[in-house]
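Scrolling down, you'll hit the structures one after another.
Two complexes come next, and they have one chain in common, chain A, joined by chain B in the first and chain C in the second.
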Partner chain A sequence: MSRRTRRGLARAAVWLLLGMFIVLALGPVAWGVVTSLMPLSALTTVPPEISLANVTLDNYQEVLLSDQSLTRGLVNSAIIATLTAVISLSLGSAAAYALSRLQVVGANKMLLGILATQMFPGIVIAIPLFLVFSQIGLIDTYPGLVIIYLSFTLPIVIWILKGFFDAIPPQLERAAAVDGASPFQVFRLVILPISLPALFAAGVFAFIESWNEFFFAIIFTRISVKTAPIAIAEFSGQYQTLYGQMLAAAVLASIPVVVLAIIFRRFILEGFVEGAVKG
Partner chain B sequence: MLAAVLAYPIGMSIYLGFQDVTIAPGGFSGTFVGLDNYTRTLSDPAFAMAFRNSVYFTFVEVVAVVLLSLAVALLLNTPTGRNGLFRVILLIPWALAPVANAVLWKWIYNANYGILNVILLQLGLIDEKVVWLGDPFLALNAILLADIWKAIPFIALLLLAGLQNVPGYLYRAARLDGASTWQRFRFVTLPGLRVPILIAIVLQSIWALKVFDLIFVLTKGGPGDGTVLLNFLAWRVTFNFLDIGYGAAIANILFLLMFLLALAYVRTLDPNRALRKRAAR
Partner chain C sequence: MADVQLIGVTKRFGSVVACDAVELHIADGEFVTLLGPSGCGKTTTLNMIAGLEEVSDGEIRMNGRLVNDLSPFERDVAMVFQNYALYPHMTVGDNIGFTLRLRKRPKEEIREKVSRVADMLELGHLLDRLPRELSGGQQQRVALGRAVIREPAVYLFDEPFSNLDAALRIRMRAEIKELHQRLQVTSVFVTHDQEEAMSISDRVAIMRAGRIEQVGTPEEVYARPVTTYVARFIGSPQMDIFEGVLERSEAGVAYRVGEVAFPVPPSIGDRLPATPVDLGIRPEHVTIVDGGAEGVPVSIRVVQPIGPVTYVTLGWDGGVITSRVPGMARLEPGAAAHVRLDGEHLLFFDRESGRLLDLGGRDG
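What follows is the complex of A and B.
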């Protein structure tokens, strides 16, 4: 075999594998989206009658209008995820900056400790917190869930931001200090503006995590602050034969996070994924 | 505040593990029962089953996710695969809400109208519809597959980042020395990926032990407790059976397992950090 045909074959194999990869990665998602656009009658024939002529938005209309629980869930999730992201960023950026610059004794150990909190199984935290929260009335409230979510978004936010702050040359701050800026002014006027990309990455991460969270939500919500994942799980338990509506609800809950992930892909890939490798 | 939200519950959870907690009017009351909750796990068939399921689930998940992710990472590191489009494709399953993922797979596995049966029937791989979630072992593997599919993107991106940190001159040098493709993979790529692969193994084991949403939506632990993992068992014992002390004991055992894994993670990162510092000096 000549070198050229071998290279051609290798390239064909890569294309074939990439094709398989696309089908396997997107196939299930695509099937879910298609399902959500089909009337029940088309789905319950074997094989399913999938055609453009059948496309309808009825399922979306139904889940959003007839049963208010999903709409309320989406609103609750938006409120809780936004609060969590904003508070994580304001507390996390200050903490990360302190850990990065102020030469706190044992900062590295503290950081590893912070990271180790990620490894706790939620259930260990959930049982005692449930007892405490039920005594002080935080069950089924926004603050209750936000406090819990902060406990696992804050460490990651600090982790991402500290890595970023470490990479900022200290000369910048010294220059500002020479000009008479206080440490707080340096942080607010010099560090924060050039850290916007990292802040976005961390904020998006906190938002996605708390939007998607299920385990604590099912324990700590009852009626009034049910989040979107809970609404979907309940919906799929109650109306398991309304396949199209079930999938429409799932698509609705996924759109915000998938869109955010795609828009901020560069930050997620650089800030988070590579951060995990470099440590 | 972080300490209050994390340290206090853990101490409290350890304390609860030694208690028999009952729900009294107006609050909870506990009596000290020593190690009773822990000895009970030894004779509890539900615990034994959940433990076995967890071990099987975690082992298969880690092996499958790491191997498949490595394949994906290598594929996306080829000149054609490096196109950013493919990384965007990976982000979609990653970002998907886990509950949405669970609902999606519940529909795919549906015995009557699910696409999986339709495809397998048309390919002639099965003769009649399979009730994927009807048999304990089949259901456990169905949950595994759905979770593996969701877990691959992150680990693949992590390994891809690792691949891109392997210096190109090593490959050129190996090529000059006449190394074959396999040899370059075996002696340059794999050693270069040692740390990312270790991290992937530890992180994925931890995440596999945490799986909850999928079980809740797909099977609720059934059939016949076949898909109950330790995490799910602790939740059910505590919040469905209201046996809080026993639930805390199971949670603590799980905590210990994951703590050991976390130590492994920190250890893996730490020497690496020391090396980098030395290199920077």
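What follows is the complex of A and C.
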């Protein structure tokens, strides 16, 4: 086999694998979108009657207008995810900056400890946590869910931001100090603006994590703070599953995440620190 | 304008002593370079002068005032960093004007001063660019501009050229020197490049393991290095230093290295101690002669013409020496030759301490 054919084959293999990955990743999404546009009757016949003639927006109309549970779920999710992201960022950026810049005794052990909290499977802590939360009245409340979500977003946010702060050359802070900036001004005028992409990335991460979370949400919510994923799951009832409406709800619930992911990508690619220092 | 005094300045990082009782007095308007290999404590010393690193022991005084506990800003110093440390999210203009903005100067004044400094450094057309859109040399100039606009009492330079290519480095050297001649502001410069240090400084302080080994004008440290360490560090190619034996006889004093014995002028030979001494000689004081009585026989090993001069490595059984020959000398490797050491410029060091022996009666 010549070098050229070998390279050609390798290329083909890469494309094939990428193609398979795309089908795997986008297939369910496409299927979901198609299903959300079909009436239930078309979906429950065998074989399903998927055709352009059957396309309808009834499912969307139904989940948005007639039934309030999805809208409420979306609002709850938005509140919880936003709170989680904002608190993760405020606490996480301070912690990460301190761990990156101050000479904290045992900083590495602390970092490992923070990461170690992520090793427990959720189910291990779910029941004890449930008992504790019901004692102190946190079941079915915004703070209850936000606290749980913080426990898994905060460590990751700290790790992401610590890595980013580590990459900011300390000379920048020194230069600002020599220029006459107070420590707070250094943080506000130099570090923060440079860190925007990373902060944004970490914030979006925390938001998406909490937005999509299902396991803890179903255990720790009852009625008042039911999140979007729970509302979606409830389209599957004991006697029938409203596939069309369920997927319409799912499509609607993914829109904010998709929009965030697109912005996120553009932001991340900008590489702000480039050009700060040489060498 | 300020003079800077370091009195017994010591810096400890845990059990490591980075700077050990450093004594240095930098006069007002003087340009002093801290020179040494990496890890010798020169940057730590600079950071302590800047106020970026706390002093463990000792005093730093500026114009007589103790500044140990003052912030960099209060000390009125400006610093140029090795990797420029430009604020990546600010334009060139904002980078240069940042310090004035922090001092809440009127916008009009900031704009006027920034454009004046930018013009001086030929950055006028780049004011709206971001640092990442500039070349290395331009970034370096912005870093310089950020220091110049401060009109500080002291300039501090932390290896500012080490990221530039050789040609640019030499040009920036001249620019810094010119800037200093124009502004006459006290400057402390840190580098590991001895040629750079020699070319721009009024005085050079050579550091070794946290201590200052020698402070002097470039001429002094070159011609009269106080230790073998300084002798080896200053000058390129290095000074040749031999661990030979002194031979005294009826005929006079000679210094034996392996198979050959170099004659030592009586004026020096008579003053040499009985303890073992090392002999140092720079390439320009090693002359290739046409044989005869005054030369010692050697063979030519390597010939390296570099344009204005040629460096010739000569060897014999037991030693090698480098000679600097003017122009592009046509010499054949392997050929026999004779060399003569310039008796005036022989340097003798005490072998045990490595210190230069003051034999008097000569000028450096």
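Note that the second predicted complex is superposed on the first by the 235 of 279 C-alpha atoms of A that agree within 3 Å, B and C clash if a C-alpha of one lies under 4 Å from a C-alpha of the other, contacts with A are read in each partner's own complex, and residues count from 1 in each chain.
One rule holds in what follows: a contact is a pair of C-beta atoms (placed from the backbone, for glycine too) under 8 Å apart; a residue touches a chain by one contact, two chains touch by 3 or more.
On a predicted model such as this, the values are computed, not experimentally measured, just so you know.
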{"item": "First, second, both or neither for A:V75, with chain B first and chain C second", "value": "neither"}
{"item": "First (chain B), second (chain C), both or neither touched by A:D179", "value": "second"}
{"item": "Per-residue touch tally on chain A - higher for chain B or for chain C", "value": "B"}
{"item": "First, second, both or neither for A:V190, with chain B first and chain C second", "value": "second"}
{"item": "Which superposed partner A:A167 touches (first chain B, second chain C, both, neither)", "value": "neither"}
{"item": "Touching partner for A:V55 - first (chain B), second (chain C), both, neither", "value": "neither"}
{"item": "Overlapping contact positions on chain A, where the chain C interface meets the chain B interface", "value": "273-274, 276-279"}
{"item": "Residues of chain C touching chain A in the complex", "value": "50, 52, 71-73, 77-79, 81-89, 98-99, 102-103, 130-134, 136, 139, 146, 150, 162-163"}
{"item": "Of chain B, residues touching chain A in the complex", "value": "1-2, 5-6, 8-10, 12-13, 16, 27-28, 72, 75, 78, 80-81, 84, 86-100, 102-108, 110, 112-113, 115, 118, 122, 149, 153-154, 157-158, 161-162, 165, 195-196, 199, 203, 206, 209-210, 212-213, 216-217, 231, 234-235, 238-239, 244, 247-248, 250-252, 254-255, 258-259, 261-262, 265-266, 269-270, 272-273, 276"}
{"item": "Chain C contact footprint on chain A (complex, rising order)", "value": "169, 171-172, 174-181, 185, 189-190, 193-194, 272-279"}
{"item": "Chain B contact footprint on chain A (complex, rising order)", "value": "11, 14-15, 17-18, 21-22, 24-26, 28-29, 31-32, 35, 43-44, 46-48, 108, 112, 114-132, 135, 147-148, 150-151, 154-155, 208, 211-212, 214-215, 218-219, 228-229, 232-233, 236-237, 240, 243, 246-247, 249-251, 253-254, 257-258, 260-262, 265, 268-269, 273-274, 276-279"}
